[in-house]
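There are structures below to look over.
Shared between the two complexes below is chain A, which pairs with chain B and chain C, respectively.
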Partner chain A sequence: MTTENTKYKKVAYYPGCALEGTGHAYNRSTKAVGKALGLDLVEVKNWNCCGAMEVKNIDPKIQTYLSSRVMSVAANEMNMDVVMAPCNGCYHNLKKAEYDMANDRESVEVVDRLSKKAGHKTYESGQVETIHALDWIKEAIGEDGLKERVKNSLAGIKVANYYGCMYTRPRHIFPEKDQGPGSESTSSPHFMDDLLAAAGAENVEFPLKTACCGGAHTLSDSDTSTKLVLNILRAAKLAGADVIATECPTCHSGLEMHQIRAEKKFGEKIDIKILYFTQLLGMALGLKALKVGVHENISDSIRYLKEKGFA
Partner chain B sequence: MPIHEKSLIRPENLKTHEHLMLDGVDVSGHWSTFIESRVVRDYNETLEDEIAALPGGEYIHRCWQCGSCTNSCTVHAINPDFNPRFWIYLIRMGMESELLRDKDIIWQCVSCNKCTYACPRDVVPEGVMKATAHWLELKGHTPKSPSMHFDEVFTEQVVRTGKIEESRTIRRFFARTNQGLFQDWMVEMVKRMLRHLPVGMLARMGLATFVAPRTSNWGPAASAIQEYIDEQHEKRKEALSLAELVEVARKDAA
Partner chain C sequence: MRSLADIERAIDAIDPAGDATAAARDLLTLGEEVLGNWLHARDMVPTDETREGFRLLALHRQGTKGDPSFNACRETCRELAYYYNLLTMQRGLSATTDRVAMMKMICSHLHLFVGGKMQVAALGDFCCSSRPLRQADMDNPMTKEA
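Right after this comes the complex of A and B.
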């Protein structure tokens, strides 16, 4: 076992706001998978919002401050060196803040000023490593480790793996990606494919892995979002998938909401199930559908999962 | 030679003639479309600097006009009028009146960052789109976009409590944009959720609407952030000479 593997056995867990609201199923299933795999999640104490996609449009430096405070708490108040964020938005913003704190002097000055006024230590770049839930399972357990632990193979479930925008773009905030064999690819990500394949699922060839769901404007420009989601749903269906696996609460609820909106507004019904990858992994590890929060999704996959023997 | 991106030329400047002979050559019909020559006098020489002074617009000067941004753009794929390369060109040339033709769609950038990924010059076109949308609003060319309303409602809540409680954000956004909360597709969504949602989850969601989640001891952070936002707001107004603009308008009115 490498040192890297041990490092991820116990991580600071940053669920973020969405995982306490619309993305609660992702929260529940991430914790359940962690427990089933014997991995330790210690929630970041008294965390705050990372700034999501909105705060940067009011002022980008405030977003950097908000994200850096989360990392500062993990490093200085909890003595942790890894923060795991399952939400693409949180993950992206913490990565972006890390990059800015290492490379942009003005960001460092503003964050330092605000941190002092707010009464906590200023985050220093390099204090923590931010990882996604995909990195966490991939590094701490790996495909082989996962295969050994699968109790209820996902065989027969055809999955389109959907990664969204914020997990891979822009490239410069993810220096560990695109580093050759074994690393994640920003143009054609595969960590989710790898994990679900290890759990027995059949991954379909899905060209829209990193397409945009319009999540930033899901309510402010709903027609655009519905059109973008329709592209994703249609492509997944055409690729032969029964399920779209997601790794972001904004993408996930965007797909679910606009699947219904497409039906009501444009009369186009596309029957495809939408599940968090952690829900699929949890069921493969022998957890019941209720344990991974399938009932908390907007879309109803319960009957489908019953047919496949998971509920 | 065919006319590339014909949609970018003002329709009144495209000329076709049913019957026209020039020096004995028949130039009638569609295949002999002419572009009217024109003289542009209303340059705004400070336009690029103004956009560059707003967050996101900093690197606009690097643009080489390769078009990778428009080529990779998510919104361009569903609306060909959404053209970041063209807008960056117009801004750098100072062609404000041309830019204003598209003022109502620039805010529709979904921040997917495909352009930023593709750009060989690190212009960060996504940032330029945000800066431009912001500029349009600050200069009074457009009302606040629904997206800006959403960003404001969201940020206000984060500054106040440190956290977001989604149902509150959604309700405030619909109220501020004068839309009803009970849109048919939302009602349908909630109906479907209720079919399989457990009672515990409903109770928790209901509770969150009364007791907003908040970060404890957030007060000092809240005031530090608000102070910074206000300070930046003043700086931007100054960069765009908005005070002078108001002064000129006031004198003009008097």
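Right after this comes the complex of A and C.
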């Protein structure tokens, strides 16, 4: 992507609950990057949970309603036509709700009933476009635009880009992907690679970029999750990476926590830094490490970043 | 067909510094056996058909029937096939030892995922199939009475 698309320069921002808790560094760095790039994030008014895992487990139609309410508020109360969700879980659930509202009559009926009961307009399929933070920067600024704005190149930083699962699966809820050159790929996503390369980073070949980390079972079946994460960390290290870049708060905290747990439980320490892609981009744009919340991560990357001239 | 425990030992035993072509063949076979374990556990006979030239990919497709969450390992299978191609078809490939080591990790990931899923059937349900974990409990009064 080399052109800047004005449609994405002002978007409705849906941080979701994780970005107010464990993923606060992602929230901080996303906002900081938006400001540095001159992009306008307008937070969705009175937003609610997207349905995440908990509601979806009990009744997926309630999840569809909750996600559709977020989109309805953006469209009908804020007059926005793009909703940007940096969290893979939120992004996935909004995309799923969009798909259900376009294809499942029962979902439309349930959402309509609940919306009337709650006193807001029913979301209609197609009113907004839901995008991820990766789409946002890729579309609004593009690689060329990013290169022009880089003040502190990420040269010398070797990155394994980890996308996790909910950014690309299941394929049918992402109809805009796999559309040929310029579009994102569900089998081999590359938007994060593209953006970080534009900022000067060296991306390593990383075959487990969408592999399962056991994230949904991180508490109920911790050993499986730890083993899956440990293998991802080992693979990234073998690929030559110093840093794993993430674009999802669940992936990020899962990698960080299981990195520690792997050492305690299995005695294996993998020395690799885990940073949000927005933190890396922010530092490339000249922002200080504190400004992009590196101190809020669980893993300590400060010494490494100092060595590289970023902190 | 070997058990998952035997497969794990066989993956660990492969020497990345040894014959790369033989290692690639062994790891591909081990990947097929991992999927074979999954299919057997579901009372299915593993297919001998191939998909895009790989039995591994045909077995994966067979494994997803009725369980879309098994797509959580789709790309892992495709990467295993890709590394097999790299190691067996590209003469004079650099960093061969590292690539065999990486193929071992990909195979291990498939083993860990399938092994984990055989213990916790819902692994991948929430995310990769976008399906609730407790679909059996779906007759929820909230949406009915809404």
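We take it that the second predicted complex is superposed on the first by the 307 of 311 C-alpha atoms of A that agree within 3 Å, B and C clash if a C-alpha of one lies under 4 Å from a C-alpha of the other, contacts with A are read in each partner's own complex, and residues count from 1 in each chain.
Note that a residue touches a chain if its C-beta (ideal position, glycine included) is under 8 Å from a C-beta of that chain, and two chains touch if they have at least 3 such contacts.
Just so it is clear, the structure is predicted and the values come from calculations on it, not from any experiment.
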Touching A:212 in the superposition: chain B (first), chain C (second), both, neither? both
Where does A:296 make contact in the superposed view: on chain B (first), on chain C (second), on both, or on neither? first
Looking at the overlay, what does A:96 touch: chain B (first), chain C (second), both, or neither? second
I'd like to know which partner A:239 touches here: chain B for first, chain C for second, both or neither. second
Contacts for A:24 in the overlay, against chain B (first) and chain C (second): which applies, first, second, both or neither? first
After superposition on the shared chain, which partner residues are touched by A:276: those of chain B (first), chain C (second), both, or neither? neither
Determine, for the superposed model, which of the two partners chain B and chain C contacts more residues of chain A. B
For A:61 in the superposed arrangement: first (chain B), second (chain C), both or neither? both
On chain A, what residues does chain B touch that chain C touches as well? 53, 56-62, 110, 113-114, 117, 165-166, 169-170, 211-212, 214-217, 220-221, 224, 227-228
With touch defined as at the start, can you tell me which chain A residues reach chain C in the complex? 53, 56-62, 92, 96, 110, 113-114, 117, 164-166, 169-170, 173, 187-188, 207-212, 214-217, 220-221, 224, 227-228, 231-232, 234-235, 238-239
Sites on chain B touched by chain A in the complex: 55-56, 74-75, 78, 108, 110-114, 116-117, 124, 130, 134, 145-152, 154-155, 158, 162-167, 170, 173-174, 177, 184-185, 188-189, 192-193, 195-198, 201, 205, 208, 213, 215-218, 220-221, 223-225, 227-229, 232
For a test of understanding, state which residues of chain A touch chain B in their complex under the given definition. 17-18, 20-22, 24, 46-49, 51-62, 65-66, 69, 110, 113-114, 117-119, 165-166, 168-171, 186, 211-212, 214-217, 219-221, 224-225, 227-228, 256-257, 260-261, 263-265, 295-296, 298-300, 302
Using the touch definition from the top, list the residues of chain C that touch chain A in their complex. 68, 71-76, 78-79, 82-83, 98, 101-102, 105-106, 108-109, 112-113, 115-116, 119-120, 122-134, 137-138, 140, 142-143, 146
